[in-house]
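Next up: some structures, all given as structure tokens.
One chain, chain A, appears in both complexes that follow, with chain B as partner in the first and chain C in the second.
Coming up: the complex of A and B.
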């Protein structure tokens, strides 16, 4: 076989490099076009979103008048309307909040912008913390105090955040949720995943007639501090007992959540599917947020039945269950937490089975 | 042991000790001088330079105090991060060629050379409240930040900052603050708060 000349070799090598680069470029264009096509497609709403968006009268048009505000104030509050593209973005945003990992979607990857890329576990959904699809309301139809309202959070975005030490834009705050509360990775600031959630949050702010820069009671969590309890201390053992009594029936005896037929009925509060050690949810990181959340929202249907002390004790216990390390804690902490997450559940299961052979021991899920 | 006299050995040892002391002094002096230079630079940068880049406080431009008073900026505190961002936003909007010189080709003598030549503070607030909507001309949804970036590239004949740049962020915060002052809601139409 005749050998190629050195010049030909270089040319072949160059052609290979150029074709790889063109291939990557073509792939990028194809992905870009696919995203554009998805944006054009009608959105299949989750049942919760269909109900909420219908109640708030979302439809395309030059002007938007919130039926919610109209019913409460008897005044038509005319706002800038939404185009079809805006409506679809809002609908997708609502779906993302309600069902981040696409368990209710026919095609989860396309309908949720491949959100699972940014979440390590299989349980997390925004709605687990931002209940009521980011807009939890009382029976009287008013936003619930300290319910992590997305709308109230949007109108107060850009303020100084003591945890990060920066003026935190709404988009960056969402990224933190992916990193810590979902124990995953941050999407790009311009990713549709972020932009659609922002569009939905902004629509909620319009529907509820919230004003920029105002602090609303439904923003954040109404935190439960140690000074709000008689004991002014947190009791791990009492927390463990309360967890078994009040929480384990849904979240599992070891807090690993309940999954039936591949659908998450109750999310994990410990283990690899839970929020990580640096989530603001985690008691050992911020000791007032998780108790506040528990007191407001748990157990479902029996809200308000736990005292401040109960909530703090449960929060203290839950935060000491094994969970992933935070993103800034380094490889050793991550390794240790991985070890704990793998060793502790079977160990506890074995010990409990051995101690109480008659009782059904919790395997965790 | 060579046949060195005790006095000579003692003298050699003293020489060595002197040399070691001298070397130590040199090391300590150099370290101290380096530390003093760093401390001196920090003190000069913070207290003596007067350069805005080293200052945690915004540069008070003409009209800032009146704006601060009129728009009730102090609702958010007198010297917080947010207020300083608003002040930088004010400077960017009113003196764009000076504070965002990297992103505009306009100079002091050009006109228009600042955001305020086209947009009033209120107009920016309304634009912010109605942003993140579909733009028929561009065929896609456009955020407030992207509008600002496009202004730098087109009306100011310059370059596009990133969305994280204070030249974009602080204009958004400025618009947000004015929207708060006007008590605008999401999607507010001009003259209907």
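Coming up: the complex of A and C.
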């Protein structure tokens, strides 16, 4: 009996390992099935996407002729059409760009491929930077210069990264957005989240008739360098004043954003829901991108009213508000930034209300 | 250390044992082959030939330079994992830049090992990486290897994000469940099951990995024949036959300098972990085999080999516990076994390269999982958890692998181990029985506060006229302790009891040089 015992133990251990493996295998089968089912379900479009995709005439068929190109050039540009599966992928991609957090979705996790898993904070959506659902156009219906167009980005598909010099395919370039602009994590390159956004970007390129390898004005951002200003240097104090005057009414006095009924009306530009320190939006990291974005797109409805110097000053001020640390800055920097994000807003709020007790409290969230 | 004598001291195999040595060599070659490919491709992110050349030339060099007859160098799972972790942020894996940086990393590690060989006190530093620290790291790395192989197991691209490792591991696991390639998962599962099941039988234990890979490869070939590679999308190990040597030059371009500087901590970790494993493996084998070989011979062989290997496209080498146990179990009598294993492997790679090239990557990932799980040794862990400070040091270095990276784990674990040793020394076992104050441990500046408080309590006890201070079991007294004892000696109530010697040695020796000599010895001991 004693001699049998070690053998038994071994057998039980082996059985345990094997059953765990088979359990995981069964779970894998179930999750794969669920994924496949979601891919086949019809997609509920957000209002913005329904409008945009209808305008670009997306439907399944053997050929695709872009109504946009037809209207502008009066020439039918015939391309290979889309299958039902392609159409659903493009629709889901559009939904992801328009509403990454799934605020308009009935079941956010299922309809957005668990996108919030890869994003920290509750504000960020692709559409905040890639405005116009990745395809911002002027009133005349022309793609806006330097508007971070996804279509123009797709046709630069395998581009050398401007900052690291690494050859980055389009799928990998999306990672930057998740890690730093959304202060989150990388999805796997093969994840449906990435594939659907890629499908949508490809469709946009086809709809706008953008050609591979060409450089278009709407690609990237219209950067504002120091040499494009009066060369007074970037002024933090002036930036603070301008921010109070022009930006604070939407983004809040401390840049923490505006949320009404759980819906993000204006995203945070500081604090835990904002881009992190290593994002290229951060003025201290790359000083030309955030001013460029502000000059082109802000404030909504009054675009172009800020001078280059104003944009740089505001960018300088905004980037110095407390925000999360970047993913490569290590645990100590992360801890310090967490502390700043927790302590500074209430402190500033207290000091400001204490200095002017008569005025209504302007600071805080 | 007489290097020349050691290197050329060959124990000729016993008459009739030559066959046995060659058999051991062949066994080792077959055992090391899948490990070499798996470690280099799945862990280090390097082409398979880099691991194979390490298993050929690394083994050969260390066998020629190290007089131990039970020594097998070659690719090592921990070192390969360190390579992957260190270079992940520097360049994309498998690319020419990555390979260049990797060779630079290996050369730096080799040079650091040479420094450890040349500066003796540094070599002694290795002894201060205590067992719980090393085991905690090895367990942490084992777990890391399992996590790391999730994507390859399911035929997915590897997530190259550097920070938040545990989160990445969890995400990779979910990715396997949700979007993994089912064909790849099947191949991986078959390999895993065959390996795990055959390992249970003592006769097949050493062949389990090979059998697992054969099973996985056969199934992959079956799938390819039925569905075609375009349908299954199974990644395979690339062509491995590139000749006897593949000369290479580490990358030292000026524009690469910032990155090279950033990988120096990784190089230090690589060097230390390699040396530590070699020294620990040699000590263990000394105990088992009865042949005593100074561990410095191992450091010498490793350091020298690792300075040469980067120039012939090979991973750094260090001792392998499992292969050395296999050698010992098969009664190796001379270094011929290790030498012949290198030559057998060279022949295998040269003649059967085409068969090695079809091994599917998911099968390799499954093997890495088994190897990683084996690195988590429950008997070691249980031993550490019987002693609370050891358990803390072990857990801290285990966790810090996942939180701060490998270099952080070395620093964190060593600091904790040192802190623990200091804490132990600072809390000598002091007991007061009636009027006898017994001190065991050290009397030094750190422990004096503890001793003094008890001494004062005893001294102020009015019941006794005499207080005996017994320091027979004290093994170290520092100058401050001596001064305290001198002060205590002035108290007429106190009598000393030191049973070690009846005389005051200082009074007998009397001269200054003797004193200095003793001090020197003490300093050396603390080093």
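Please note the rule applied: the second predicted complex is superposed on the first by the 354 of 365 C-alpha atoms of A that agree within 3 Å, B and C clash if a C-alpha of one lies under 4 Å from a C-alpha of the other, contacts with A are read in each partner's own complex, and residues count from 1 in each chain.
Throughout what follows, a residue touches a chain if its C-beta (ideal position, glycine included) is under 8 Å from a C-beta of that chain, and two chains touch if they have at least 3 such contacts.
The model shown is predicted, which means the values in this text are computed figures rather than measured ones.
> Which of the two partners, first being chain B and second being chain C, lies in contact with A:10: first, second, both, or neither?
Touch partner of A:10: chain C, not chain B.
> In the superposed model, does chain B or chain C contact more residues of chain A?
B
> If we overlay the two complexes on their shared chain A, which of chain B and chain C does A:189 touch? Say first, second, both or neither.
both
> May I ask you to decide whether A:31 touches chain B, chain C, both, or neither, giving the answer as first, second, both or neither?
The answer is second: A:31 touches chain C but not chain B.
> Which partner chains sit in contact with A:212 here, chain B, chain C, both or neither? Use first/second/both/neither.
first
> Just chain B (first), just chain C (second), both, or neither: which does A:78 touch?
first
> Kindly classify A:198 by the partners it touches after superposition: chain B alone (first), chain C alone (second), both, or neither?
A:198: touches chain B, not chain C.
> Could you tell me which stretches of chain A are touched by chain B in one complex and by chain C in the other?
166, 189-190
> For a test of understanding, state which residues of chain A touch chain C in their complex under the given definition.
10, 14, 17-18, 21, 24-25, 27-28, 31-32, 35, 117, 166, 175, 179, 185-192, 327-328, 330-331
> Touching residues of chain C toward chain A in the complex: what are they?
Going through chain C, the ones touching chain A are 89, 91-92, 151, 156-157, 159-164, 167-168, 171-172, 174-180, 182, 185, 189, 192-193, 196-197, 200, 403-404.
> Which positions of chain A touch chain B when the two form their complex?
64, 77-86, 89, 154-155, 157-160, 166-167, 169, 189-190, 195, 198-199, 202-203, 205-206, 209-214
> Any idea which chain B residues touch chain A in the complex?
75-76, 80-82, 85, 128-130, 132-134, 136, 140-141, 143, 163-164, 169, 172-173, 176-177, 179-180, 183-189, 192
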